[in-house]
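Next come two complexes built around subunit A: one with subunit B, the other with subunit C.
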Partner chain A sequence: MQSRQGPPILQAFYDVAKLMGKDQMLSNRWQILCCWVYLVAAALAVGMFFARADLLLIFFVQAAGAVFLVMGALSVKSPYSQVGAQRELVQILTYEPLLILVFVGMYLVVGSFDVGDILAYQTPLLRKLPLMFIVLSYALTIKLRKSPFDFSTSHHGHQELVKGVMTEYSGPALGLIEMAHWYETVLILGVCSLFWATSWIWMAVLLVATYFAELVIDNTMARMTWRWMLKYVWSIGLALTFINFIWLHAG
Partner chain B sequence: MFKKFIKNARAKSPWIMHFDCGSCNGCDIETLACLTPLYDVERFGIINVGNPKHADVLLVTGTVNHRNKAVLKNLYDQMPEPKAVVAIGACGLSGGVFRDCYNVVGGVDKVIPVDVYVPGCPAKPEAIIDGVVRALAKFEEKKAG
Partner chain C sequence: MSNLLLLLIVLPAIAGVVCYFVRSGAVRTFTVTATGAVLTAASLALLGQGSFVFEASGLWESLVTILDFALLFVILYYGFRLRNLLIKVFAAAQIVLLGFFELVLLDHGASVPALMGDSLALVMVLVVSIVGSLICIFGLPYMRKHEQHLKLEKSKQPQFFLYLVLFLGAMNGLVLANNILWLYFFFEVTTFCSFMLIGHDATEVATKNATRALWMNSLGGVALVLGIIWAYTQTGTLSIMAMLAAGPATGVLLVAVGFICLAGFVKAAQLPFQSWLLGAMVAPTPVSALLHSSTMVKAGVYMVLRFSPMFEGSFLSHGIALCGAFTFLACAALAIGQSNGKKILAYSTISNLGLIIACAGLNTPLAIIAAVMLIIFHAISKSLLFLCVGTIEQKIGSRDIEDMRGLFKIMPRTATITIIGILSMLLPPFGVLLCKWMALEAAAGHLFVIVMMALGSALTVVYWARWAGLLMGSRGESRGTEQQPLLTGGPLMLLCASALVFAFTTPYLYTEVLVPAFAAAQVALHGSLLEDAAGGFVMYPLIMLIGLGTLFAVFRALRAKGKESHPYLGGAQVGGMDEGAFLGPMETAVPYSAGNYYLGELFGEHKLTLWINIAAGSLILLMMGGAL
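The block that comes next holds the complex of A and B.
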């Protein structure tokens, strides 16, 4: 099992290119608007991140995009898409507060929500906010829809939800969503990179290690239920945040 | 150039959907065996999807009967162009040993156009992979729309 070859590294790009070349087949016009807003919001959030804008503003832009994806799925009557959309909402509900807490943690250390100011901070944030990095990695796993939190799409499409939120999207629209998902990945890894912004090498090491850990987790975990996610991620996330903030306050 | 890339990508990422039109399960097992790590078709980008709206290649096993022909047609219609159909096993080709039964319509091509026929009872995994590869050659030529 572990020695099998697997698809080439460019597979994701082939998939999207193929989807772009397919027929447009949608249930209603809402879906087109929704997937475009999702893509534009995700791209805008990444652009703003690299333009060193305000973290909170970036956060709201990406949140708006995420909500539009859910609205697109809700606009169709298909039960799979509906259930997927509900679960996606629960996922958003789980990771957004944690993300905000991470940003608040950065604010407490740096004294500003500005990406530029955070980058200019002299000591690596990881030293002051180690637990917040774990909290962020929870948000990352949920955002990337990786196991054990992949229940809004059920990664392999033939499982209980067919493909959840993406069930009703096909062809180019699905391609747009995939691209938006890449942007989201870049954004959230960008936020990770803020944790060690003082040296390029360590930033790269941190990102590669985080992403690799993400893949390992994805491949070793089974999918859980959303109730478990809500309970587990919030309790651990809030506890870690609490400890880290107290420690920050004391130190 | 972009068009060419799309065309190449099509052959590199065929998402298949498997529909069992009442087969004896022999061909189904062989079809799914292709997806296991032993034959590992995923290295060619072939993924088994459960959603006709995402699928590019439809694999049909078993005989078509009066009950499931509407389902088969419906699934086929829900797949966006370009798409390809592979009929697997003697049953999928002509009705096989069941062809004289009162409820059997016959092969898959009685209901939807078939691109590639894979014979055998059951069809070998190698033959099925071969069939999908030949379907891809046709699939690549097809234009969107």
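The block that comes next holds the complex of A and C.
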């Protein structure tokens, strides 16, 4: 998009490796507890996904991690962290119902919430749930903290380096959070992959296209406010859900 | 058998009378504690004996009838004393209807077993007797402090504990009743006890809220009498067992069931009848805890659940599911707009009761089991949270959650227990979440219900997470340990421990106790949710992993070493570690403060309540109309 050369593609991994080697700075012991629970829950959710567990249960375990991230940010007496936590809560509030409804859509088609049963289904879900895929992509954008929904991790005071919900995490603790975030990304892309689980090639194409679309959206959109997000995403998401479910019912 | 029943229903009444007449603190403490212990033991013994049917002698029958009329006249008297037209009208209507029923319609010759205990009733007795007793015991030191604070000249504790303990007996009677007129009698007793308890402090606002509770619940009483008379003319029996045995109701009988459910809605403070329960928070904390967790509102959901076989498969059932799901969603939204801790708890209670009623309306075996489990877990977690808020309020003088920032520093033990209580309402592997999971699975085919449940469930996360987060706030070591009287700390620790223990026994409880009791046949046919194909508990590995993960996280947190760092304040920090102040103009320190987002423009009480009440009222009309 620009003619400059950016960091290598593995930079994110180098960053985390470097963070893990840094000295620990402690604001508060709760934070260490919270970032570990966040990581464990995210890893567990991914593990359960690959163990083909119940989608709702996977989602709840994932949500537990998200809640702990917020609680960690709330436990510190720092305005940036507090504001970030409040905004993160609004983000959770926005994407949670949509994710549940995506799972319900899958249930309506397949008749089960089990990842195993969904994978065994013979036609691509995308054909029956095209609108639910759009709904999922809203959740994906929020979960990846991409614009226009990236406000929980950015809030500038006097400097640009302030990072909302993560402001008070540093060194190894921040590294853990980054790793947990990778797990979350894997999980939600995993859910995307269920939409075309009948063929490996198309699944890969779908995932690459989705991820690329996210990057394009991230680079072309400006950050919006939480009010806009909540109203816009809920109304569009619910409308798409109702239309898609009525199709299913009719078809 | 009859001795156990006597202990469960009549002993609390006697203990209450003892508390009232013997005005000694020591006797009161002994009586309440001993009654709690006996109730706990008796409820467990009753469980051990299994299902039963109990015929009472004619003497008891007449006594209940006489007491029933006496109670109605007492309520009528209060209607005149409070000069409230609604109470007068509703009480008079009940007296007239009940008199007409007893004198004209009722065949007094037929014998009806007075009490019965099936799985649902036994579960309820356990919840009432154990959780309720713990709350009463917690009330002993609490009320002493409460009265010190109010500087009363003459203690009102005798009266307070009379109604508090009597309440437990009435609840036990209500859930064990088989003769529907007995159910009605105990229903009225709980109405009256709650009225007296809410108005206990006798302030202007307490009296106002107590009056509101009385007229609303009297309205529920009218609906119940109508339902009873209507059902009797259709079925010709007063026995609940006989009515349930006749299978799903059709035609006009369904309307009678609709009226009974409506009475349950009022008692469970479902929208649009929520205001009496919100008003109840002016009462001393043990009262709120009792009303919200183990008694009163649980009586409402119990009635809907009890009669659920009668409306199975009907439009009424769908209507009930819709009403419940709407309450779940709307009250979760209202809870977000609140900063008053007790009010958040109140809305969350109503919201969870809505979920239970939605489950009763969905009426599949899975949904019914979810509802029963929710009753148990909600009673434990919610009573714990109310008692925590009461303890915190007595210490810091506020029930506003903004004032609880960094509470861990002042009250480390209570704060930790509160955090665990909050997490038990919210996260895996705690029971409430598992019930929510089961409810979602059960509702998956029901478009409107599942959408409302999905939205409501996300709203729930917001108000719990931010509260738990701001309780944590602390830095460094806390100031010493926290001292609590035994009767305050004991119930808190016990409830907290049972919330934790239940998290690990949920799958066992589900497969070994609840499925055989409530849905053996259907689940055997369709497979059960918490079990895998090989018959093992799917949940256990998950619970183990979550438990180990959490322990590991706690271990890392305790062992974490590092330099202490200041919170980031844009590089403009002044003062010590604790203060958190910016460097302001003229080199002054400007302390920073943060507040929660209450999303007032979306979820404010004043904005939503009217519309929500209108919507809920229309849904109830739809429900009742569908029954016709």
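Operating definition for what follows: the second predicted complex is superposed on the first by the 243 of 251 C-alpha atoms of A that agree within 3 Å, B and C clash if a C-alpha of one lies under 4 Å from a C-alpha of the other, contacts with A are read in each partner's own complex, and residues count from 1 in each chain.
Operating definition for what follows: contacts are C-beta pairs under 8 Å (C-beta built on N, C-alpha and C of every residue); 3 or more make two chains touch, one makes a residue touch a chain.
Being a predicted model, the structure only gives us computed values, none of them experimental.
Applying the stated contact rule after C-alpha superposition, one finds that A:S170 touches each of subunit B and subunit C. Judged by the touch definition given at the top, the superposed model places A:P7 against subunit B, while subunit C stays out of reach. Touch criterion met: A:D23 reaches subunit B and subunit C at once.
Residue contacts after overlaying the shared chain place A:L33 against subunit C, while subunit B stays out of touching range.
Contact with neither subunit B nor subunit C is seen for A:A45 once the two complexes are overlaid on the shared chain. By the touch criterion stated above, A:D15 is placed in contact with subunit B alone, subunit C being left untouched. Of the two partner chains, neither subunit B nor subunit C is touched by A:L125. Of the two partner chains, neither subunit B nor subunit C is touched by A:M229.
For subunit A, the partner with contacts to more residues, out of subunit B and subunit C, is C. Taken together, the two complexes place residues 23-25, 157-159, 162, 167-168, 170-171 of subunit A in contact with subunit B and also with subunit C.
Chain contact summary for the complex, subunit C toward subunit A: residues 406, 408, 426-428, 433, 437, 440-441, 444-445, 447, 450-451, 453-455, 457-459, 461-462, 464-466, 468-470, 472-475, 538, 542, 545-546, 549-550, 552-554, 556-558, 560-572, 580, 592, 594, 596-597, 599, 601-602.
Contacts from subunit B toward subunit A in the complex involve residues 3, 5-10, 12-13, 37, 40, 42-45, 47-51, 53-54, 56, 78, 80-82, 144-145.
The part of subunit A that touches subunit C in the complex is made up of residues 23-30, 32-34, 36-37, 40-41, 44, 48, 53-54, 56-57, 60-61, 63-64, 67, 70-83, 85-87, 89-90, 92-94, 96-97, 100-101, 104, 107-108, 113, 157-159, 162, 167-168, 170-171, 227, 230, 234, 238, 241-242, 245, 249. Against subunit B, in their complex, subunit A makes its touches with residues 1, 4-8, 11, 13-18, 20-25, 156-159, 162-163, 166-171, 174.
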